[in-house]
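For clarity, chains are labelled A, B, C and D in written order, and residue numbers in each chain start from 1.
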Amino acid sequence: MLHTIKKIGVFTSGGDSPGMNAAIRSVVRSCAFHDIECVGIYRGYEGMIEGDFKSMNARSVKGIINKGGTVLKSARSKEFRTAEGRKKAYDKLVEAGIDAFVVIGGDGSFTGAMIFSQEYGIPVMGIPGTIDNDIFGTSHTLGYDTALNTVVEAIDKIRDTASSHNRLFFIEVMGRDVGHIALNVGIGAGAEEILIPEEDLGLDRLVESLRRSKQSGKSSSIVVVAEGDKIGKSVFELKDYVDANMSEYEVRVSVLGHMQRGGSPSCFDRVLASRMGVKAVESLITGKSNYMVGLKNDVMALTPLDQAVKGKSKINLELLRVSDIMSI
Amino acid sequence: MLHTIKKIGVFTSGGDSPGMNAAIRSVVRSCAFHDIECVGIYRGYEGMIEGDFKSMNARSVKGIINKGGTVLKSARSKEFRTAEGRKKAYDKLVEAGIDAFVVIGGDGSFTGAMIFSQEYGIPVMGIPGTIDNDIFGTSHTLGYDTALNTVVEAIDKIRDTASSHNRLFFIEVMGRDVGHIALNVGIGAGAEEILIPEEDLGLDRLVESLRRSKQSGKSSSIVVVAEGDKIGKSVFELKDYVDANMSEYEVRVSVLGHMQRGGSPSCFDRVLASRMGVKAVESLITGKSNYMVGLKNDVMALTPLDQAVKGKSKINLELLRVSDIMSI
Amino acid sequence: MLHTIKKIGVFTSGGDSPGMNAAIRSVVRSCAFHDIECVGIYRGYEGMIEGDFKSMNARSVKGIINKGGTVLKSARSKEFRTAEGRKKAYDKLVEAGIDAFVVIGGDGSFTGAMIFSQEYGIPVMGIPGTIDNDIFGTSHTLGYDTALNTVVEAIDKIRDTASSHNRLFFIEVMGRDVGHIALNVGIGAGAEEILIPEEDLGLDRLVESLRRSKQSGKSSSIVVVAEGDKIGKSVFELKDYVDANMSEYEVRVSVLGHMQRGGSPSCFDRVLASRMGVKAVESLITGKSNYMVGLKNDVMALTPLDQAVKGKSKINLELLRVSDIMSI
Amino acid sequence: MLHTIKKIGVFTSGGDSPGMNAAIRSVVRSCAFHDIECVGIYRGYEGMIEGDFKSMNARSVKGIINKGGTVLKSARSKEFRTAEGRKKAYDKLVEAGIDAFVVIGGDGSFTGAMIFSQEYGIPVMGIPGTIDNDIFGTSHTLGYDTALNTVVEAIDKIRDTASSHNRLFFIEVMGRDVGHIALNVGIGAGAEEILIPEEDLGLDRLVESLRRSKQSGKSSSIVVVAEGDKIGKSVFELKDYVDANMSEYEVRVSVLGHMQRGGSPSCFDRVLASRMGVKAVESLITGKSNYMVGLKNDVMALTPLDQAVKGKSKINLELLRVSDIMSI
């Protein structure tokens, strides 16, 4: 027999990403649509432990679909990793009458939800929100598409000045474990080389490639470097290496940093967030638990949270070839 | 026995869309990569008939990946619809040694290519370039994703002033035959109602919905209307109808118009264009002809041109539901 | 002896413009800085009559500096034009203890403030908020700079498609009485001709100019038309006229409409709004009344409200020459 | 007796800035308008020495008004600092028949022009192109307004994530010698503190101010730091200091870097560039030499190059007060 859900909690957890607000709005309005109460939980698990709750109705989420960041704030919680912390959180949920929740976040946030759900039997659903697109079970995480555009626009600007001065730029973009951002913005911004965690180009081949690029008549070059690139060098170290081994270029460095996480979400991310929120709430209503909502072949699909956490998001190898051909 | 291809022509045809330049660049560089000559044909079939050609190498397409419009210009050609016109075009191709071509455009352009290929046996490949996403055989046409962002950003601006004055706006967006743009930007911009060619909401239900929306406490409302909406009324007629039947709102109208076709392509469109250009050229090299390159489930896929032309691109019905729920 | 001001009201009135929120924020924080209470009045004079007030402190205006529109909403009030309406408004102000106010708006709003101040002796200060820049006593009104960028970006997009198809576009921009926007975006977007309220080019000279433009090798043309252009033709009529009298161009029309009023304010408008808010509050504190805060030669300056209302904002004739030279 | 000018050279020199292309376009078209030949000189003085010239007419500069960077490229030339280098440059100019030139750049570029003009009697005019606004004799340098918007938009994005996590960000913006950018974007982005070269806040007062800011209920804080801030600490050192002395915040750092130099120019910069180009060419025609074209009180004005180089661009002290009040 299904436990009928009467009140759903929603929160954002871990690093924020564009589209989180649109997802919150969708969860809240999906609840309203199905006559379920909805409670916003501030600052993720931290706020759950503290009972930092706010009742939300359809109007509470007005005007946030196009805002970056998260109106519910986000945090990482050490206390929730302890059994005591989770007990406190559970007590607060019970006290508030919350009998299921939707967590918007990444791997770490999902792991917390799984453990909590196992311990206390509360139904949970995950919505993947991170710009890194590093989550298994969805072709796109919330914020990823927006981040691609943010980064490409920033590199377009850097290209202006690179071209004017015949310079070589090493540009660091986010992506500690996977190269999705680097690979796509590298192609999108017309980078000469792309350094990602999945592939070790090697410094010699990098220098060789840059030399060939110069000889082919290119006046400037952009190398996009994921934070976690396999070569294992920071953009500053790469600059030093090239300075020491090539005289052809004047080298500059740019670390795009946290601006990649912000900004108004793209249309794609807003629609995706809206779809995911509906799917998450309706899955809870139909008795499902411990799944992550994802996009697979343009269709909403559920992946068990443990698979989402254990699985690995893989880059599209076709893109590596395309990048090679484009940088001829 | 395969006819070995030595020189490929490329052109844009019909309405332009963001990403066409990125696709031209990709075709040109893919040719360079495979040691095939590449010739740009200006103004579509019109320029083919006139022999308005330009030899292109990897450097010719430098700095265009992020530019809207098309450096090869575009046009619609009446003459090409005649047998004489096509004969002239063929003679010019032969004269220039072009033995295959890639056409970037929509339905009409593909039909021309098919007929031409049947008559003269020249291998052709199509790349779908139009903001309307109205082509069968690909989940995304070039420029569609960019247009979604352009429109959503414009509506965000209109929302600012709508909210400040408690107004109702009817906003016309592109989409004569399919409601993809209207449906997605409607969700993305938080529209109260979306009028599309595929569904007849009816004027009475529209008014009723707007009335309910006002009662629920919304201070402003946006109705997104596709050019070819099923109700069959222009945004100006809709305004008149609402003015005559509702006193709750001050009504305004906006026709977004041609700005929807322009602008720097999104990262998604740049990457898609790059992939499509590679696929088109490599398909020609391997002896294929009369196909359109498309994206299916995030993978490059070929669709016979006649199917691409005859088939119908369908909207995602899930989105209609999501839109209803979101506008509660 | 000066009446010491203890509580200042602030509201936005008339058409909204980007930067109004930044100005509200500045008024509120300037009050907080000087230990004066601040009250937000919703929907301009309408809300004043209804006593739709909200106490505001420094934190109330958090996160609004970069938002378009106005959090205090705006409206036009017929009732305030009557003596009875103003009496009601005065009673509400007295009831709330508001002893001075800052009105952010245009000519009509300032006229209302002047009359009210004369009748009831309440000190008032005006901040010019309108995208049209049509107010005497300030080189820039709030929102004008943002609107210029919004329009130029929209025309850049239209230019993409105009160039791709060798088209002529008539683009209507805001400006019923003055040509500031048309003149500046015309130059900024590289328009071939600019039609403004201040100058009658004449249809014959327009056609002649477009013909010359075509002959000089231009592939596309943009004509920017202010709403109140002197020729007295709408962009649709202009299209018809050119269609009937020129065969050189394929003509298209675009009316940019209300999106021009929205959007996140430019840095210039945010800084200007911040400066104006400080100046308005500190002027009230020092006993001044019935002035408009303005920017003159990059310095804050006060203009008596009656002069601001009666005076005429003039276009810079140098720009007409620059435009002529640029469109060679 | 005036030397009649028949051929004008134009080039960009030093760091590039948005609006340089618009200025090149204006110089070229102003020459065309006055029937004077125009020659583009590539890579500044370096290209002058090498005779890297290109004849330009009104059509050569089509489609560049909205592009960042400079189509004529830019460079710094060591050789031009030597008498031999300048002799070579002069010979090349004579050879090409160039009898005057317009240099678009900053202090260093103007100094070169002055020395060259003194040595060889060739008339020169300067157009101030740099994002830093650090040049005496003009209220705005080309690119400054665009950079303000670029930076404010980047900080808006960072603010999204800062607010979501209750973080403190130190953001480094350009400005080695003057704080114009930092001061304006600091106000525009709602920064809590602004560190500039002109004023030494002191570390203690910074910490105190941040502490107060936290206590007043602010959830996040932005400190904008000019490259050449008076405290003399990099954003990384500032982070370390605050980490060591405050526990209230989680601190992050962002260096905006070279993206600040690029991007499509704002409407203001496009119009300014157009006006400056006209003024520069017409000043040369009327026999003037050794001046910089500038904007003073919204009017074009000439400043002798030596004054432009020696003078100091001062920040507006009013803005310091406004910033203090806004961050209450």
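By definition in this document, a contact is a pair of C-beta atoms (placed from the backbone, for glycine too) under 8 Å apart; a residue touches a chain by one contact, two chains touch by 3 or more.
Please read these numbers as outputs of a predicted model, since none were measured by experiment.
Undergrad: Please compute the C-alpha centroid of chain B, do the same for chain C, then give the distance between them in whole Å.
TA: 35
Undergrad: With centres defined as the mean C-alpha position, give me the chain B-chain D separation in Å.
TA: 39
Undergrad: Where the CA atoms of chain C average out and where those of chain D average out, how many Å apart are those spots?
TA: 28
Undergrad: Any chance you could list the residues of chain B touching two or more other chains?
TA: 156, 159, 163
Undergrad: How is the touch graph of the chains shaped: line, ring, star, complete or other?
TA: It is a ring, because the chains touch in a row that closes back on itself.
Undergrad: When you check every pair of chains, which ones turn out to touch?
TA: Contact pairs between chains: A-B, A-D, B-C, C-D.
Undergrad: Of all residues in chain A, which touch chain B in the complex?
TA: 25-26, 29-30, 32-33, 58-59, 62-63, 65-66, 139, 145, 148-149, 151-153, 156, 159, 163, 184-185, 187-190, 216-218, 264, 266-268, 270-271, 274-275, 278, 297-300, 316, 318-319, 321-322, 325-326, 328
Undergrad: In the complex formed with chain C, which residues of chain B make contact?
TA: Spelled out, the residues of chain B in touch with chain C are 12, 15-16, 18, 20, 67-70, 73-75, 150, 154-166, 169, 219, 252-263.
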